[in-house]
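Lettered A, B and C in written order, each chain numbered from 1.
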Amino acid sequence: MALLEMHEWYDLTRATNWTPAYVDEEALFPPALSDPFGIAVEQWETFDEPYKVSYRDYVETQRDKDIGAYSVKSALARADFFKKASPHWKALLALHFSPIGFAEFHSASAFARMTRFSRAPGMRNMATFGTLDEMRHGQIQMYFAYEFIKHDRVFDWAHKSSKTENWIIISLRHALDDIEHTRDAISAAIMTNFAFEQGFTNLQFIGLSADAAKAGDHTFATMLQSIQTDEARHAQIGTPLISIMIENGRKAEAQRLVDVGFWRIWKQFSALSGISMDYYTPLEFREHSLKEFMHEWVVDQFARNIKALGLDLPWYWDYFLHDIETFHHSQQIGVYIYRATEWWRPIACVSPAERDWLEEKYPGWNDTYGKCWDVVIDNIRQGRFERTVPEVPPLICNMCGLEVTGVAGTGRQVNGRRWNATDFHLDHEGRRYHFCSEPCKWVFELEPARYQGHRSIIDRVLDGTVPPGPDGFYEYMGQSFEERGVCGYDYQWIDGYDPPRAAAAE
Amino acid sequence: MVAEVKGMKTWSGLAKNRRRPSEYEVVTTNLQTRTRHPDQAYELSPAPLLEMNAFYKKNVSESPLQHPDWEGFRDPDEMIYRVYTRIQDQQEQYVDGLLDEHDELGHDAGLSASWLEVLERLYTPRRYLQMALQMGAAYLVQIAPASTITACAGFQDGDEFRWLSRIAYRTRELQMAHPARGFGEGERAHWEEEPAWQGFRALLEKTLATYDWGEHFAALNLVAKPAADEAHRQLGRVARRSDDGLLGLLADNQMRDSERSRRWSAALVAFSLESEGNAGVIRGWIEKWMPLAREAVGAYCGALPEQDDAANAAIGAVEAFHRSLGLDA
Amino acid sequence: MTTEGDAGNLVGPVMRAGEIADAVLEAIREDNEGREVVTEAHASYIRIKVADECVLRYETVGDMLGRTVTRGDIESNMPSFAGFIRTEPDGIRFVAR
């Protein structure tokens, strides 16, 4: 073949900046969308893509990836696997597919902002692939979620959740819109490509794939990893940007973008991956705990990149290390007891054997979270099902949109129970905002105007946005009666706690 | 015993359709989140507190182009990602074949000096025009009020980069064959200074600085892109007569992508015509932007050698496209 | 359990378990001769790590498989990597900085 090699001509594809003459530079690249840091265009032109791909190579590689990912098993075999899957695995699949399909497709827009508004030509090229990649991720996940809908209506939420006002979806949109969709091209890229994609996506898309492979769900395992091969490429947009920012005296700004983006996305993955890995994955298929995966992918692999680039670990790092071991355990309790507010069938996943595993991975779990579950278990055993569902709505964080929790069994004794939940609050322009943690409050204080007008689901109940009446809340969240979560095991998971009853039944 | 599980026939959001949804509809519809509330496209402080919510409100919610349900739009090609990469991989294989074959025949060495000068002035600087078209498509991706529109614009974004890349490739080949000329070095100056390009540069710069989503769509996809691509078709025609068969074939292949853009753009116009008032709005935008396009095409095509009415042919093709849109009252 | 920086400056690809991963491991051993290559196998992926710098050449991977291997073949099977990446005409370098 007498074709040129990519490196012989590629530089010309990134010699594409010109000086506008018929409109002002600011009209073409408004700082608020392009670069609020005032870095010279010649500096942005030094952007050197660490991971270079040509369009020609891209379409070939991506075609092959899809051939592989779509054909791991026949549709019939996939349907069969799903029908036989346990409530554990079905809950895991529902939790994955419902929010992620639309969120990834939506990300195509974030990359398009980089293509349109970045003044770094190489970044525009990479971001174009990013836009196409995210359309792929949206579409492939919609495709596989759709196969399940014939068997389980829960998967309708892969399609419908994008526009609902369900509290979990609000929480996700708030985080993603904050870091990906409402900032200039440079800030969004540092937050999205570096803090989010390099930082966390490995957790759900590689870590969880190991669990899926063990569970025999090869289609899911392959799809996850195939998606991540795109992320590994386009997530590299962030690193040259951080270097350019530091070289141009903008280290503090880059640091802040990383710190905010990292925290916001951690809260989402803590709930999503934490519950998936430490609870919904059947015990026999668990490769590692969330904590172990977090140490592998984030505390080691990603933290090294932060430091190697010349930034510091986020100021809340010690608190974050503590949060890795605690936050998702509290969230799992909340997700189970407030199950009617979710569209899938949540499960408790605290059978005696599962508790042993949790105690091994998180020493002290039984003395803390275990005690909360003991109350739930006792109520179920006594047939007091209504007492497994709280009457009062939870306190929701005005930043992450998740429940304000703490470590159970420790801290102050309130009404006979110990629970160290601390409400970090802030009074701002006439109202009080509640936060689950110091970093969530700190993010708010950095840019109050960005957040202060947003109302959490609880704010909406209190201000009358949510219609009154027993069904108003659910209807507002898009949940018909059939779409309100019930215990995925119909409470029978507590049989493990009741050997006499099991023996009597024999 | 576990909780009872029931299935459904299709997404509830598509259940009202009588027809069984295609794969395209299953994987492309309803994936947008930003059209839920006019003041709050993004799940943060509403407009005007959050600048981006004010921006979206102004440029989409308050655009003169309105439809009660943009989500109802469908791409006539029903293009999905896994088909796009397959089709474009085939097309790129074909282009690789063309380049390889012409290289073996010593194609570039045989080009005349006068034609090389045309290529230097009027072909290789087009990568800047492609960049502008790519940026324009990328704006549509992020601003469009439905995921089915975002998808079309996303593939168009990819197509523009495809041709930017192929022009860069040809630029380097020409530079290697004719190192004494300015290939690979003079393109930016030609784009910024050559009178033949200034019309297109003005048209594209102004299009890019147009943020109303409807007007941006009309300026880019109904005027600027068709005009730029039709001018390129004319370059391909002239190339054939100047013994540059390769450029003729490349231009033909580029027109395949251009025509897909026109198919979905026409479908989006047809869809918007379901709402009263839009015909006049779109017609108004076309009338506003066409003078710039005429000037651009005139300047560019007028600079082509032996062009025998290339400008009229190119503008005629754009006007024929407009007549096909059903905008005339 | 690791603490941040525990793995020091080990860099290299994370490969989807399979024949490409096996060939990549063999190739990395050859192309980084004289340096320790650490592996870590998980259920669906394998980590391959070398201190400071890890060189991966497409041709060497191809030699292991007895067929041509392209950048795309590697990318399709590489969901992540440790360190920073530099794509080069004939392969990939992973570096600690």
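Basically, a contact is a pair of C-beta atoms (placed from the backbone, for glycine too) under 8 Å apart; a residue touches a chain by one contact, two chains touch by 3 or more.
If you're wondering where the values come from, they're calculated on a predicted model, not measured in any experiment.
In terms of inter-chain touching, the protein chains here are arranged end to end in an open line.
Chain pairs A-C and A-B differ in how many C-beta pairs are in contact, and the one with more is A-B. The chain closest to the protein's centre is A, with centres computed as averages of CA atoms.
Chain geometry summary: the mean Cα position of chain B and that of chain C are 39 Å apart. Note on chain placement: the centre of chain A and the centre of chain C lie 27 Å apart, centres being C-alpha means.
Centroid to centroid, with C-alpha atoms defining each point, chain A and chain B lie 33 Å apart. Multi-chain contact residues of chain C (touching two or more other chains) are absent.
Annotation for chain A: residues 60 touch two or more other chains.
Considering their complex, residues 5-7, 50-53, 57, 60-61, 64-65, 68, 202, 205-206, 209-214, 221, 225-226, 228-229, 231-233, 236, 239, 287, 291-292, 295-297, 299-301, 303-305, 307-309, 313, 317 of chain A touch chain C. Partner chain B is touched in their complex by these residues of chain A: 1-4, 8-10, 12-13, 15-16, 18-23, 27-28, 32, 54-56, 58-60, 62-63, 66, 70, 87, 90, 101-102, 105-106, 108-110, 112-113, 115-116, 121, 124-125, 127-128, 131-132, 135-136, 138-140, 142-143, 146, 149-154, 156, 159-160, 162-163, 170, 173-174, 177-178, 181-183, 345, 449-454, 482, 486-490, 492.
Residues of chain B that touch chain A in their complex: 1-3, 5-14, 23, 26-36, 42-46, 49-53, 80-82, 84-86, 88-89, 92, 95-96, 99-100, 103-104, 127-128, 131, 134-136, 138-139, 141-142, 147, 150-151, 153-155, 157-158, 161-162, 164-165, 168-169, 171-173, 184, 187-188, 191-192, 198, 201-202, 205-206, 208-209. Of all residues in chain C, those touching chain A in their complex are 1-7, 9, 14, 16-17, 42-45, 70-72, 75-89, 96-97.
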